[in-house]
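Letters A, B, C, D, E and F mark the chains as written, and numbering starts fresh at 1 in each.
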Amino acid sequence: MRLLNTLLPTPARSLLLFVVWLLLNNSIAPIHLLVAALLALVIPQLTVSFRDPQPPIRRWGLAVRYIARVLIDIVLANLQVIQLVLGPNKNLRPGFVLVPLSMTEALPLTILAGTVSLTPGTVSAEILPYQLDATSSAPKYLLLHVLDLQNEAELVASIKQRYEQPLKEIFQC
Amino acid sequence: MSTLLWIVVLPLLASLFATTARHWQRSKLAFAVAAFPALALLLLLPCGPAIFSGEVLRFQAQWLPLIGLNVSLHLDGLSFLFSLLILCIGLLVILYARYYLSAQDSMARFYAFLMLFMFAMLGVVLSGNLLQMWFFWELTSISSFLLISFWSSQSDARKGARMALTVTAAGGLALLAGIVLLGQITGSYELTVVLSKTEQLQQHAAYPVVLLLVLLGAFTKSAQFPFHFWLPNAMAAPTPVSAYLHSATMVKAGIFLLARLYPLLSGTDLWFLTVTLTGLATLLVGAYFALFQHDIKALLAYSTISHLGLIVLLLGLDTDLAAVAAIFHLINHAIFKASLFMTAGIIDHETGSRDMRKINGLWKYMPVTATLAMVASASMAGVPLLNGFLSKEMFFTQTLHQEILGSLSWLIPLLATVAAIFAVAYSARFIHDVFFNGEPIGLTHTPHEPPRYMRVPMEILVAFCVLVGVFPQWFIGDLLTQASAAVLGTEVPEYSLALWHGLNIPLLMSVLAMAGGIVLYINRKHLFLFQAGFTEQAAIYRFDQLLQRFEQGCRRVTARVDNGSYQRFAGVMLLLVLLFSGAPLLELSSLKGNRPALETDPLLMAGAAILCIAAIATVLTIRQRLLSLVMISVVGLMVSLAFVRFSAPDLALTQLSVEVVTVVLLMLGLYFLPHKSVKQSSPGHLVRDLTLATAMGVVIGSLAFAMLTNQTDTIAGYFLQNAKTGGGGTNVVNVILVDFRGFDTLGEITVLGIAALGIFKMLTGIPRFMAGADGEGRRWALDPHPLLLAVVSQALLPLALLVSVYIFFRGHNMPGGGFVAGLITAVAMILQYVAQGVDWVKPRLKVEYSTLIALGILCAAGTGVASWLFDKPFLTSWFDYFELPLIGTIELASAMVFDLGVYLTVVGSTLLILANLGKVTTRYRPMHKEQL
Amino acid sequence: MSLLEWSIAILVMAGALFVLLGSFALIKLPDFYTRLHGPTKATTLGLGSLVLASMLFFNFVQQQLSLQQFLIALFLFISAPVTAYMLIKVALHQKLVPMLNTRHQDLMKQRDNLAKGNDLPTVEKLADSD
Amino acid sequence: MQHAVIFPILLPLLTAALLLLPPLQASLTKRRWLSGLGLFLLLLSALFGLWQSGAGVQTFYLLGNWPAPFGIVLLQDKVSALFVLLSTVLACCCWLYSVAGEDERGAYFQPLLQFLLMGIHGAFLTADLFNLFVFFEVLLISSYGLLLHGGGKGRTKAALHYVLLNLLGSAVFLLALALLYAMLGSLNMQDMAQRISQLGPQQALIVKAAAGLLLVVFGLKAAILPLHFWLPAAYANASPAVAAMFAVMTKVGVYCVLRVFGSLFASNAGELAGFGQDLLWFAGLATMVLAAIGVIAAQNLKKLVAYLVLVSVGSLIAVLSLGSTAAIAAMLYYSLHSTLMAGALFLLADLIAAQRGTVQDRLVSGRPLQQAWLLGVLFFIAALAVVGMPPLSGFVAKIWLLQAATESQHRIALWSVLLLCSLMVLIAVSRAGSTLFWRVNQQQVSGNRAQPVQWSAVVLLLACSPLLVVFGNPVMQFCLEAAMQLQLLPNVRATGGL
Amino acid sequence: MLNQIVLVAMLVIGFALLLNLWALLRGPSMPDRLLALDTMYINSIALLLCYGIYSVSNLHFEAALLVAMLGFVSTVAVCKFMLRGDIIE
Amino acid sequence: MELVIAIVIGVLTSCGVLLVLRAHTFAVVLGLTLLSYAVNLFIFASGGLTAGKGAVLGQTDIYADPLPQALVLTAIVIGFAMTAFLVILAIRARAELGNDHVDGDSGSRQHPDKESRL
């Protein structure tokens, strides 16, 4: 197990690399499988120091479900945005929203912010406070810009429930 | 006849010897040095009988036959005479200088220069090759420069030396032109050959040019009017130098040249007129000014000028015996003038002054010297029983028998007599003003006779004055005949060297000159008063001023032409580009050639429109720099898309990846540069630049169009045919890069590597400064490493590396390759720097970038060298296919190793640049605490 | 044209139109903050459709395995939020004025305070001030 | 030894790369010795190349074993071998000078010197026009780095102009290359020369435009009027060993005119034959005059020497444009002489400046030199050589240059300009010498004594001058044969090469 | 037929690029322009994808991937510049 | 098509030249960059225009001339190296000479550079 840990310090990363190599080459020929495996071993080793420690994915199933949910949300989001974009500007009700956070790990936070940005009418603007140095306090808020802000509390709740909660479970943090 | 060679070389050896004998005792040194010319004299004298029998001795050796310069020595009567003078007077001067120079003066240096000069002078007179003669001719200028400036701490000496050098070297250059032209006309530089081509030369259209050039050389050297002014200023030299160079030898080189080329150049009206008139003018000017000099040496210098004029005048006369008279006077002048200069030196030495207004009545203190000086100056004045009288009488005779000026020819004897009157007058002044005329004024110590041996040279010379004056035929008759024969190139006509030729006009002229001279001297006050009316500056100051004015003029021209403005330089260059590329277009009947054109589509038009608008926007926004940068990024993107559209995917990839690194770099640059710039160009400039820019655009665009429609067959077919079979890859562009033209690529990565090294060099020790705010005056934001960016960039790094590997390996067969792969890696690393900063990356990246560059270059070059093992030329590629069980066919190629070199170099270079640029400021950012 | 080709055609057209829409939003919307929503979303979906179309085309029409396009989509999905995040950070830093009826504009001012780890009065209070 | 042709390019490259590796980079002494070793090997190979070319054969080296005109070909003939030797000798002396401490005054001196040599030798040896561009860039980028060596405002400013103008020049070069490739379909110079005779009138005009552009490029490199602006500041500001090394750089430009124009627009080039000769003739003469004026105007020794370099460029170009074998031979000889002497003078200027306190090399009275005798003699010798006075190589060169003009209108122009410039140079140099060595004030001597390696570098360079006279005949013969060889166009397709 | 549709799609995207240019030139603020530039990168990727279908060639895939990667990096770098001045600190 | 390309090259050249003749290093750098785009397109055009597929064997029948492409690649890389060098040189000049004028002096016409004291 320790050997496996040394060989594959970041299994998710290695898996990703393995898949991406095959995708890049459009092939599952033996030579490519071999090379993909090799690269999946070597590149994480090379870049291991270029990675701040992050919590590992604990619940893979949930992760897959999360991705699916986000994809669907994106499609729906875009359809909503069409309306807003094509409609008259005076109908817009944009606004800033501060979402209080209940997790502090960088990777899940990033995924959360990214998800919010990718989905309907919201863009992550800031994670506050800034991580200026080791003594900075942990992230507390996510500042959003919303294209059409109807019900602020509902929006905050939906984000926390739809995205933050699953992420906390996936990373167990 | 290697004797001749030895005669020339011995003084050179003496010179070399003197430089090594700096610590010898003075007398010993003088004797040792003198031994060399003495030996040369001993070698020369035995040649006498042969010379007197009319023989010519030669020595020849090949040296630089391609330019016609050979070692060629030629001893005939003329050169024998001159060699004799040079060696004999040289020996006397060595002896004299032993006593003349003070203890502080470096005697070794003096002798070294003097012997160098003697070597040069002997070379001139013994040359049998015109180029070789010029060689020595210039050496005399150089060595005389060294001798005149011997007391280099004195301003006069430096200036006088430079003036002499400038004038004589200018003449030397003219002479060189004359000689080369002569050589080109006659087909040889050998004296014997050249001298036999008189007719050919004189009928040649360029004869006047040759003559004038040669005369320029001769006249400057021999201080002929109007080039005479350097000689009086050369008197800053130690007196032995004057005695040797400025009376007996160097100034006679010009005359020697005239004499040497006499058979070739003379005989034409042009020769007669120029030479005669120059001589006459010099004779008069020298004699006149000599009278007014208060410095003894200056008087002698002007007198020398006058006598040189006399000799030149004689050479210009169209009578039979004029040349003989010239040679005779040349000998006599050398003898008496050398002794007179020595006198001047003794007086200077003993009294500490040369000013005749202060020096008076020396007869009492140094009677022997005075007697000798009086005899010599009597000879100078042309008093009977002395050698000067004889040659001056010959001179008078010849002036009477010429017809150069046609019906005005009588002017010449008349003016000759006038000059002689002045000669008598200044000789009288020299005797009376120095040795009599009351008591000396303001001398620090009582003068007395010089050391015994300091006088010996004078005594010998004066003895010669008398002996030649009384027994001319016996003493120098044969020598004169042989020398004259050499000058004339034919039989010497009858002449007699008797003291008494009966009562005739020349005698009358002599008497007239004597009487007139005495009368003139007695009544000199009026003349001095008259002359004092001309308050002229000394030539040296005028010359110096002239030079300075010239210098200032040059400075103005240089400053105007090269004003240090880049904009002008670039403008001129672009203008040239415009002219050179535009002019042929004007001749072109139609830009359009016969190649079928591709059709245009709206998408392409849109792309072109975006590109052009973005380019123009770049220009318009140039003062808001970041905006301009954004605009140029659009241009870059569009160019990349154009490459895709026109079937160049490799180019698109490269362009894109270079683009982003460039933008990053420019932004790093922007941080250090002002973010906005003030308007600088005046409207006039702008219109000018706009015109140039538009014209350039039109011309280059037209050329592009003409080029596109006039295509020819290229060598491309070969690459397409051989890429797979010979280079082992299907991406022909890549095969060209790593194989067909791999050498270019090797050079290219070298350039990249060097650029990185150069940049590192520039960044070390760069003065640091920090902009505290952006262009709008906003303080910088607080958050150095936004969280999202940091996390995502960490995640992207392995992916980017994977893509690099992919791009690298597919390069040979598909678009991609080491360069693009390297840039992707580099960009991924840059992203780490941008996202997380130098302090985060540095400890994690333990690679020395310059080592990467070196390894890359070694890898690429090593691939090339490896082909030597297979006895193939550098960079010969190798590839093969291997069948592996389960895995299939794989291709291995040396090109991959080469491409790996490219990859390493690119990564190393890019990171060396960017990481170091980042490091420059990181430690100097004062922001955090202040803002927190 | 087969059904497959029709679906490809529709995907292509939809993608192109989404792309156009994003670009149009950029022109039409009133302030930077709202403009940001247009392209970052529409382009992701537009590109998504195009990637899908491309994959369908190469894998099924051309019968050659081609999955690379998926990587483009993957990459964009990772990078687009970061780009948007950075852009809006700049906008906030430069204090770009949002359109008039934007709510909670004072959060922009409070951002600096929050960034240093200080606490705000309360979120509710802020909402009231709107 | 069949690969010896490429040694002059590879040796410096490998040396430079090795110098960058950690074990060597750490130790100054090791770096110096390795660099010196590389130069020594280079000298051997240059001598070997000269010997090889002396047999009279042109050696083609087909890189990558691809036949000409498809691959890149190196050509070693007498001219290229001669120039390679010239730059190698110069580089050896510069190295010698630099190890006295100049190489410590900034990073990467030795590698950059080696890279510069690689570029120069590549430019000399390549027979491929695009490859020439690449090597131009190699030598330029190294020269940028070297020019900045030691740092300081003057250098930075000079370098900025130098870099900017050369970047423009590179762009122009590429335009010309593209036009030539489009019209001639090849990049191999010999092949292009053969194709040029088959051009239609339309295409010939386009090639003419390209030729004009090339003229600008080479003119810029050679610093021909009015493209000379960058030179005086750059050379005068460069650190001594660098400036000395730069003495050969203008010759690269001249060499390219000789090589490229000589082969492309030779007598069989139809209406393009002899392209640019008239322009070069007048530009050369004008350069000489302006440079001579600059020599007089110069207020410090380094500037003076920089203008001297320009004078030599003018002479070279003017004589080159005469086009005859004798003219080219004379030009070759003159470039040997002028390069070495300019190099020596730059080094000497530094030694002198170091002993004159604050006045440095400015031509005003200053304190007496510490080693007045040694430096004075060296300066005197160098001065004689550059002025063209006997007994040093300058006079031989001058006579040969004069003799190269055989038509009367050429004679009138060349002779008067050449001789006038000689005189002006003489005036300036004698003034400089007498000011530096004789117009001294009574201050105490101080400053750095020239170290033995430094003055021996100068002595070695200066010694070349008398050697060029004493062994003048074989050298001149070689130049003549080189010139004759240059004018025989080899048939590239027929030549087997390796 | 499919070809024609793809061609039309390309023209549409081309038009979108022109709109981006318009937005880029109009601004008014720097972030606006940068947003326009970034959109331009993304639209170029779209164009490349269509062009791949149109010319039945996947030679352009790497170009598209590179545009995505490099567009991202340069946009981020410019943002960092506007935020902090020093992009590598 | 040829005409369009020629016009693009012309416009790029014009813009490049105009910027190259400015007085500030940054403008000149951008000018040189524009000029190098023009030059790269120009070299590229020397092989003639080919729409369709690249010079990759087996993909098509008509290939673009691969040699100019290779030349442009080399030119791009060298241009990149040179631009990088120039940018840093401009920085150094600014730091040492106090302003970003191409002649290193602000000249008489220039207004005082606000940042030059920083």
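In this section, a residue touches a chain if its C-beta (ideal position, glycine included) is under 8 Å from a C-beta of that chain, and two chains touch if they have at least 3 such contacts.
Source: prediction; values computed, not measured.
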Overlap of the chain B and chain C neighbour lists contains A, E
In this assembly, which chains make contact with chain C and also with chain D? B
For chain A paired with chain F, centre-to-centre distance based on mean C-alpha positions, whole Å: 40
Roughly how far is chain B from chain D, going centre to centre by Cα mean, in whole Å? 16
Between chain A and chain D, what distance separates the C-alpha centroids? Give it in angstrom. 62
Could you pull out the residues of chain A that touch at least 2 other chains? 20, 24, 113-114, 124, 130
Two or more other chains in contact with one residue: find those residues in chain C. 24, 36, 66, 68, 71, 75, 78-79, 81-82, 85-86, 88-89, 93-94, 115-116
Could you check chain E for residues that touch two or more other chains and list them? 10, 15, 17, 30, 34, 59, 65, 69, 76, 80, 82-83
As the complex stands, chain B meets chain C at residues 776, 778, 781-783, 786, 788-789, 792, 795-796, 799, 932
For the complex, give me every residue of chain D touching chain F. 130, 134, 137, 141, 144, 148, 152-153, 156-157, 159-161, 163-164, 167-168, 170-171, 174-175, 177-179, 181-182, 187
Residues on chain A engaged by chain B in the complex (per definition of touch): 13, 16-17, 20-21, 24-25, 29-31, 34, 39, 43-44, 46-47, 49-52, 54, 106-107, 109-110, 113-114, 124, 127, 130-132, 139
Footprint of chain B on chain D - complex, ascending: 3, 6, 10, 13-14, 16-22, 25, 61-66, 69-72, 106-108, 111-112, 115, 118, 122, 130-131, 134-135, 137-138, 141-142, 144-145, 148-149, 151, 160-161, 164-165, 168-169, 172, 175, 178-179, 181-187, 191, 195, 202-203, 205-206, 208-213, 215-216, 219-220, 226-227, 229-230, 232-233, 290, 293-294, 296-297, 299, 329, 384, 389-391, 395-396, 398-400, 402-403, 406, 408, 411, 415, 419, 422-423, 426-427, 430-431, 434, 437-440, 472-473, 476-477, 480, 498
Enumerate the contact residues on chain C facing chain A in the complex. 18, 21, 24-25, 28-31, 33-34, 36-38, 40-42, 44-45, 48, 64-68, 70-71, 77-78, 80-82, 84-85, 88-89, 92, 98-99, 101-105, 107-108, 111, 114-118, 120, 123, 126-127, 130
